[in-house]
Every structure is written in structure tokens, then in C-alpha cells.
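Read from first to last, the chains carry the letters A, B, C and D; within each, the first residue is number 1.
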Amino acid sequence: MLELDRVISGYGSSRALHEVSLTVPRGSLVTVLGANGAGKSTLLRVASGLLPIWGGDIKMDGRWMTRKSTREIVRAGVVHCPEGRQIFSQLTVYENLQMGGYLRDDRKAAKRSMDQVFSYFPRLKERVKQRAGTLSGGEQQMLAIGRSLMASPRLLMLDEPSLGIAPKLVQEILGILGFIQEEGTAVLLVEQNARLALQHADYAYVLDLGRVVMEGAGSTLAKDSRIEERYFGARDTAM
Amino acid sequence: MFLEFDEVTLRFSGLVALKGVSLTVNEGGIFAIIGPNGAGKSTMLNCLSRIYTPQQGAIRFLGENLLRVAPDRIKACGIGRSFQNMELFSKMTVEDNLLVGYHCALPSNPFSEAVGWYKARSREREARERVQRVLESLGIASYSRQTAGNLPYGIQKKVDVGRALMGDPRLLLLDEPAAGLNELETEELGHWISDIKRAMKTTVVMIEHDMNLVMSISDRIAVLDFGELIAVGTPVEIRQDERVIRAYLGQEA
Amino acid sequence: MLWQTILSGLAVGSLYALSAIGLVLIFKTSNIVNFAQGQMAMLSTFVAFQMLTRWGFPYWLAALASLVFALVFGFFVYIVFLSRLKRAEVLSQIILTLGLYLVFRGVAGVLWGNVPFTMPAAVSTNTVHIGSAVVTWYQLFIMIVTLLLMLVFYAMFRYTKTGLAMRAVSQNQQAARLMGVSLTRIYGATWAVSTALGAIAGLLIAPILFLSPSFMDSVAVKAFAAAVLGGFSSLPGAVLGGLVLGVMESVFGFYISTDLKSTFVFLLIIGILYVRPQGLFGTREVKKV
Amino acid sequence: MTSERNLRMARLLVVALAALAAPFVVMPLGSQMSYILDMSVIFCIVAVALNLLTGFSGQVSLGHAAFLMVGEYVSSLLTLNLNWSFWIALPLSAVVTGILGFLIGLPAVRLSGNFLAVATMGFSFAVPELALKWSGLTNGSSGLMPLRPALGSYVLGSDQAYYFLILACLVVQIIVIKNLLKSRTGRAFQAIRDSEIAAQSSGVRVGYNKALVFSISAGFTGIAGSLYAHYINFVSPNDFTVQDSFLFLAMIVVGGLASIPGSILGAIVINTINQLSSSFGQYSIILVGAVMVLAVLLFPKGLVSLRVPPHARKPRHSSRGSARVTREVESPDVP
């Protein structure tokens, strides 16, 4: 469904992505792994139009999406749930969710989406009138995902949902990815936490210094010891 | 005791960034602080250079509680630091960037400077010679007259470290020195940090994500997770610590 | 006597508050301080004046036209000038709005000259007794209009989609973009609303001050003061700052000196900022390194 | 290296000759041109002073019109009421204005761009009001009439003679500021502009240096005020308003921030436009305002950027660093 073809981008004049190609098939869960600074977040920022693309192409359902504005990309059903949650901390939980459905005009459908979000994360329903800034880290992450789901995305791009969250809650949050997939939404998950991500993924890419250095089915990569080595610095023996 | 964190706790509006961290660093050697994103590593350095003030605890350097020292006196205490995003004086020349790093060691007053008296000038000359020596040791002497903000990323990183090194600090804090460098540059950086330790007898405390670098040059490593210290030890010990592996790779299913 | 002073202070203070809200609104969403705000209000007021006295339209129609003009004017000033400076330094933004200040001032001078005009008021200026205080109907009218506008604004921010988006943008622009919000549209809307608020303040104060190209200067500087008092990023803070300033100025003027009102306001700003650099209601931002 | 040095010497020589010849070149063009020339050089002093504050150390001031007035009044009162010599009153006006600048600069220590602009703008409103109110001393709106200074028995009565006095002050100012900028204190000013946190971590006392640069800038502006008062021979509360503060900012932005030649170029261009068009009434401020707007939109780096040789205009490589900053500032919830 989403295809990135030899995408190049970066900040200022330094490249952060070198011809990265990646495909997310309809309804699948694809994960992008890699150590800090590998270019994972940059990849999502390019895909959602936050960061200009320098070269290569992005296609969604075969439609050319390169250089489209974030607004148009959201309209096309690609929603990016950013790293570090980035919730609107002064708005209530309810208002945060409303913002998620900003581009939707159908109130009834939006209401249905909200009920769905509450069924995934009952805690949010309990705190619906609370200011988002007063939520715990895990609840904020739930809210961030819930907010993205309010746009009823066809592809959810999730950036480091485990960041700074206790392991137990992470399991709970990632547990709902299965439900989301069942609804027909594809997921592109960016994670540092490799074991966790590979548990859920159909297919995985490993980025290093802005290049895809490994790819394969999730279960295959999970058994590959080279992943661990990449994190703990035995780069020379791994190559 | 060279450097000691004593039960340091720091909260940001409800969020606990450091939970009673206690840690000692001995003089000499390279001490690395690692941990997943958002674990509180930079916060620790920022407490050391007094950008943040912890609500509880003490940080002692050579017996003095740093929390009672004004932020602009930290450098004079012998602590130099580099920044994660460099914070260069981007519109000034490389030479001037390093000269600002030598600020404390340059006694003078605005009046004699305004008139351009000889005394002020001779001290200046000496300071400039020191800057040249540091730039040469970093291999960037040829950039001395260029505007810092216009240089390539890798050179800027070196300028940042050079600025911290001015005035011969006894403790050098490096915040992600390898971030954004390629493999070759990182390798060079590793040699070069080891050189600083040896030649200048400076103690280095660094935060770093590149495990290759950390494991190969550090003498001791501290691991933070969720604002708590979960392990301290040699690289070999850390590599085998199950808590550390879990913090990085997550729970085994 | 004190009561009366306080009441008239509240009336003037609510005008400062209106202008201050306009300033804060723009600053909160787009981080720009609009130094031309007072001049934009002045031009909008002149539009009403032109329709009223030169073309003989009824008051309500002239006021409405002035508001519509302000909305369009604010939107275009943002789109034509400020939107080109999105990433520029603070200083460039200041210079740009100061330049616009001079241009608007000059345009008004060319079109209407520098002789002060009397601007008709919406209601009579007869006095009325409230307890021991004597106030004019007009002062009451000002307070009521301000109060109503505050309610309208509160409702707009609270219950409309655009209001929600404005609040969201002011907190996290990147996240708002990821929701599909177009920053340009939201900023444009903010500028339109802010200019309209200034225009209302101008329409209300013109009958008191005489209308001339410089008539909004003293109001504008006090609106800045009110915004600074309130922390420059808090709407309730701006309202409170305006009212506090109006009352203090009125009391100071009555008991000490009317000629030194601006000096007093300035000393007040400096004093408060010295103690609380983030203003009375602002929160401090800590830069990450 | 030597050829570059020769080139600089040659350029300096040309500028010096032009500066010395200027009053005689414009003399045949009539007294208005001589007046514009003298005023331009006075504003050069203000612009260089303001650029030290804004361009080199990153603090915005809308209060310089008020500093100018303080200088005017101090110098006039000292010469008229106490019968002191102009040659003592001139430096004293710098001292008094400098002390005042230090006091205004103290709150500035903790204020950033916009807040500082608003606070100093208040100062520009307050001083004329005080001058008007305090009529026992200032003679209110009737004003004061200070005299042209004399060197021994030679009164600097002509615009040409006075021109050289102003020029001498400007030259001294430029030498002092250039010396400062090359030294420890001046580097501290610039370091604060580029990164307060790094400056502090390098041992720079941020607060003291911010107040100090405010004081120096105000002091030089006070000198310009004194020169103006004894040139025009009339001082009143209406001399300088907030609008003039805007003009001063326009001068340095149009000319080029953090550039002394830029300040001078900007002061001459803006002052000349302003004076020449003043006979067109309201059109004059439209023109000046439009110049400000266009300068910011078209030449964001100022007029001096137009003559910079191409090799110095390299693309910025540092935005990677700054991109990181913005990303982290936007997520304040994650420490």
C-alpha cells in the first residue's frame, strides 16, 4: 500500500537517509528497527511530509505522494503518531481526540471512532475531561495513539511507542496493534526495543546510519543474533 | 573523592527525571553514561553544569557541593562541557569560540580593552597561542578564522569540544560526541578521546549511544533507565548484565 | 470617590484588555508580537468613521463594515507579509511589524489628515448614579460589550473546531500539522480575529479620545503593558492585566498625577518584569540542550 | 595576506578621504544638504551604538530615542544651568545615560527579544512625558536653548566645522567598539547572542554582560544626544519619539546587523530618505516604513550583504544541529 522508493532526505546539508526503500503491504505490521540516530524517525517525518524529501518517491496505493503537504497525506489516510507523544498537554483528553479527527466532517463516524478508541483504551474514557498533561506517561502514549486513530487511518505510523514507559504498560499498548490490524489498518512501527517489536511484526527492516542493512520476516529476524550485536557494539564481527 | 552524585533527585512538574541517583567517579579515566532514550542521561550532565537544579541531593566535585556554585563559575571550578546539539557561537570565528572558552582565565577590564592598552593585548596574544595549540591537537587549525556556523557538522563537533577543553579542565563532560558522525569519524573520535585522557590528564564523563565507542574506550560505565541507576561496572560486566539487556532490547517473550 | 475612580478604570481597562487579547492571541499561536496592532485598529476605526460621517450610514452598519474590514485586513497582512517570515529571527519580525506601523500611520495621514475628529458614540454619554459613584452610560456600555465579547470568545475557543485548532497550534505546531491542520490558515484566522478585537477597542475608545492617526498609540502601548503583565501567553492573564492596569492608572491619575500616566505604566512593567520575568501569569520556558 | 591587507588599507583611505571631503562636496548643494549630512553622522553614532547592543549582543531596544533625549537634556542643563563647558558636559552626558542604561538593562537580563522590546518601548514613552512634566528643570514644552560649543575662542558655528566634531566622536566610538569586540568583553557579548547556555558554561556572567552592553550602547547614544542638542540649539520633549526608536532599528537592519559599516550605511540611507521626503508629509513615513518592510523581506542580511565576496557566502551546514533543537523543544514532556 505505502511504498518508499530510494528516499533521500536529511537536515540542513547533511544526509540522514540514503536511498531507503520500504514497502508496507495492506493490513500488515511492518517494523523499522535500529539504534539511536539510525534515521528511523527521519523516515517517518519524510513519509508524513514534515520533512522535505530530497530524492526518491513515495506512493500510496500507487498514487504519487512525493512532496504532498502533511494535510493531504493525512487526507490520504496516512497518519503519523510522533515520537515523544506530542500530545496537546493543555487540552483535555476529549479535545485531544477531537483534534485527531480534525479533517473529518462526518460527526457520527467520528463518534464511532471515539467509541472504538475508548474500547481499546478504557482508561482514556475514565479521564476524558482531564487535561492531557496530567496523565501518566503510559496514558499519554495511549492518548497519542488514540488521537491518531481518530483520523481513521489506513496506515498508522507509530514512532517509538515504548519510549520512557514501564514495560508492563508497553505490552498493553502494543497489544492493541493486533486489533487495529484486524480493522484493516496497516501499521508501520518504529522501535528501538527490538525484541518487543519483532514479536508483533510481519516484516522488519533494520536501519543503520540511514541505510537499510537487514530486512526479513519478523520471526526470522527475531532469531537472528546479529540484531543484538548491532545494539551492543560488535559491529566489526557482525559484518 | 573526585566527583560524587549523592542521592540526586530531579522532578519536572510531576515527572521524575532522576530518582535518587548516587554515583562516584574517580579521577582519571573515561566514564560513560548510557541508557535508552529519555532515561535521564542528559539531565545528569545538565545538573552537573547547573542548568538544572535538583530538588534533593548533592553533587560534590573535589569536596565542593556544586549545587551551591553559580552556573557561570562551574567552568572556573575546572569542568568543561560539550553539548548534544553543540550550542556553538555560530556567528563567531572558530578562534573566538575557543577564546570564549578561555574566558575565566583571562583577567581584564572593559576600560583597558576599549582603549586597547598593551597589557590587554599581550594577554590576548598568549590566549590566541593556546587556542592554536588546542586547534592543532584537534586537527582543525586551518579553520581557525572561519565562521563556526558555516563549517561541516563533524568540524563543528570538534570546535565544541575544543571550546570545552580551553582552560585545561580537570573534568570534561561530553554529551553524545559521536551523534551524527559516520563510522570513520567515530573511530577517530575514540582515539582522540583516549588521547585527551592520556595527554591532558583530564577525566572524561560522556553520554553516548554508539555502543562500539562506549565499549571500546570506557573504563567504567553507568546505565540509567527511567531516571534510576540500574548498573555500574566495567564494559565486560555491563555487556553481560541482564537488567541492562532488558532495558535495551525489552523483555524476552 | 474611590469607587468612581475604580469604575472608570475598569471601563478603560476593559479596552486595554480587548487589545491585549488580540496581541496575546497572535503571540500564542505564531510567536509574533504585532507592533502594528494599534495602527490596524486605527485604520479599521477610520473605516467606520468614513461611513458614518462622510457617507451617512447608520452606526450599526458602519461598525459592522469596520469589523469585516478588520477581519479581511488582518488576514491579508498575515498572508502577504508575515507568512513569508515563518522561520526568521525575532528581530526581523519586529522590524517588519514596525515598518507596517509606519506605513499604516502614513496611509491614514494621507487619507484623513492629522487633524483630530470627533467620533460619534454608540450610546449616549449621559451620566448615571450607581451607589455613590457617578458613571456615564457609555462607560457601562464599554464594560458590557467587553464582557459579551469575552463570552463569545470563550465559546469560540471552547466549542468551535477552529478555536480548538488555534489552541492546539499554540501548544504544539508539529502535532497540529500531523492532525492535518494547515498552519497558514490558522495563523491567518488568528490575525483576522485579533485585528477585529483591536478594531472593536478602537471603535469604543475613539469617541472618548478624538480620532486621529495617532489616537491608538497610548492604548496600544498599554495593551502591550497589559499583555506583559499577564505573561504574554495567557488570555485570562491579558484580560486581568488590562483591568488591573486600567484601575491602577485611574487611581494613580486621580490621586497623584494624570500627566505621568505613561511613566507610571512603564515603571510598573519594568518593576514587574524584574521580579517575574515571565509576567504575572506566564510560565517559564526552559530551553533544552 | 599582504595583498588583502593592502586592499583594506586602500579601502580605509578612500573612506577616510570621502568622509573628510564630504562637507565641502555638499556645501554648494545648499544648507539643507549640509544639515542632512551632519544629522546623518549623528545618527551614525546612534546606529553603531544600537548595533553593538542588537546586532552584536542580540538584545532589542526600542528605548534609544529616550537615551538620546536624556543625553540632550543632561548636556543642555549642565552647560546652561551650571555654566559648565561643553567639553565636560559631552562626556558627562555619556556617563549619566550609561548609568541609566545599566539600570534599564538590569531587568533586560532575564528578558528575551519581544519582552525586552516592549519594556524598552515603555521607556521611550516615559521620558518625553517626564521632560514635559518636570518643567521646573526642563522648561517644559518651551524647551532649552543650548549653544554651539567653542574651541578656545573659535565657535563651531558653521555646519562644516560642527561636522568635524561629530565625525571625530564617531571615529573615537568606532575605535573603542572595535577594540572591545576584539577583546574578552566583546567576545562575551557575542557569545551571549549566539548561545546563552554555552556562554554561561564557558564562564561568562550573562547578567552582568547584558547590563554592561546596554550601558555602553546607551552611553554612546547619550553622546549623540549631546551633539544633537548643541547642533540644533533647541531641546524639547518632542524631539524624539518611539517612532524614532523604530527608525534606529530600521537603520541597523537595513544596513546589516552586527556590522559597523552596515550601521553607517543604514543610518545615512534611512536618514537621507527621511529628511528628503519630509517635505512630502505623510508620504515620508510610508516610504520609510515600506523600506523597512522590503528590506526585511528582500535583504534579510542587510545592505552590507550585497558587497560580501562570494566565497564568504557558504551555505549553512549547521541546520542539522538546529533541527534537533526544534524537535526537542516541541516535546517538553520528555526530559
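Things to note:
By our rule, contacts are C-beta pairs under 8 Å (C-beta built on N, C-alpha and C of every residue); 3 or more make two chains touch, one makes a residue touch a chain.
Computed from a predicted structure; not experimentally measured.
Taking the CA centroid of chain C as reference, the farthest chain centroid is that of B.
Looking at which of C-D and A-B shares more C-beta pairs in contact, the answer is the pair C-D. Centres computed as Cα averages put chain A at a distance of 33 Å from chain B. Averaging Cα coordinates per chain places chain A and chain D 52 Å apart. Averaging C-alpha coordinates per chain places the centre of chain A 42 Å away from that of chain C.
Contact of a single residue of chain B with at least two other chains is seen at positions 15, 38, 51, 83-85, 87, 152-153, 180. Within chain D, the positions touching two or more other chains are listed as 197, 315-318, 320-322, 324-325, 330, 332-334. Contact of a single residue of chain C with at least two other chains is seen at positions 172, 174-175, 289. Taken together, the chain A residues at the contact with chain C in this complex read 48, 50, 69-71, 74-75, 79-82, 86-91, 95, 98-100, 102-103, 147-148, 151.
By the touch rule above, chain D contacts chain C in their complex via residues 54, 60, 104, 106-107, 110-115, 117-119, 121-123, 125-126, 129-130, 132-133, 197, 242-243, 246, 249-250, 253, 257, 281-293, 295-297, 300, 325, 328-330, 332. Residue ranges of chain D in contact with chain B, taken from their complex: 175-176, 179-180, 182-188, 190-191, 193-195, 197-206, 212, 216, 258, 314-318, 320-322, 324-325, 333-335.
The touching residues of chain C, counted against chain A in their complex, run 161, 164-165, 167-168, 171-172, 174-182.
Contact residues on chain B toward chain A in their complex (touch as defined above): 14-15, 36-39, 152-153, 179-180, 182-183, 209-216, 226, 239, 245-246, 248-253.
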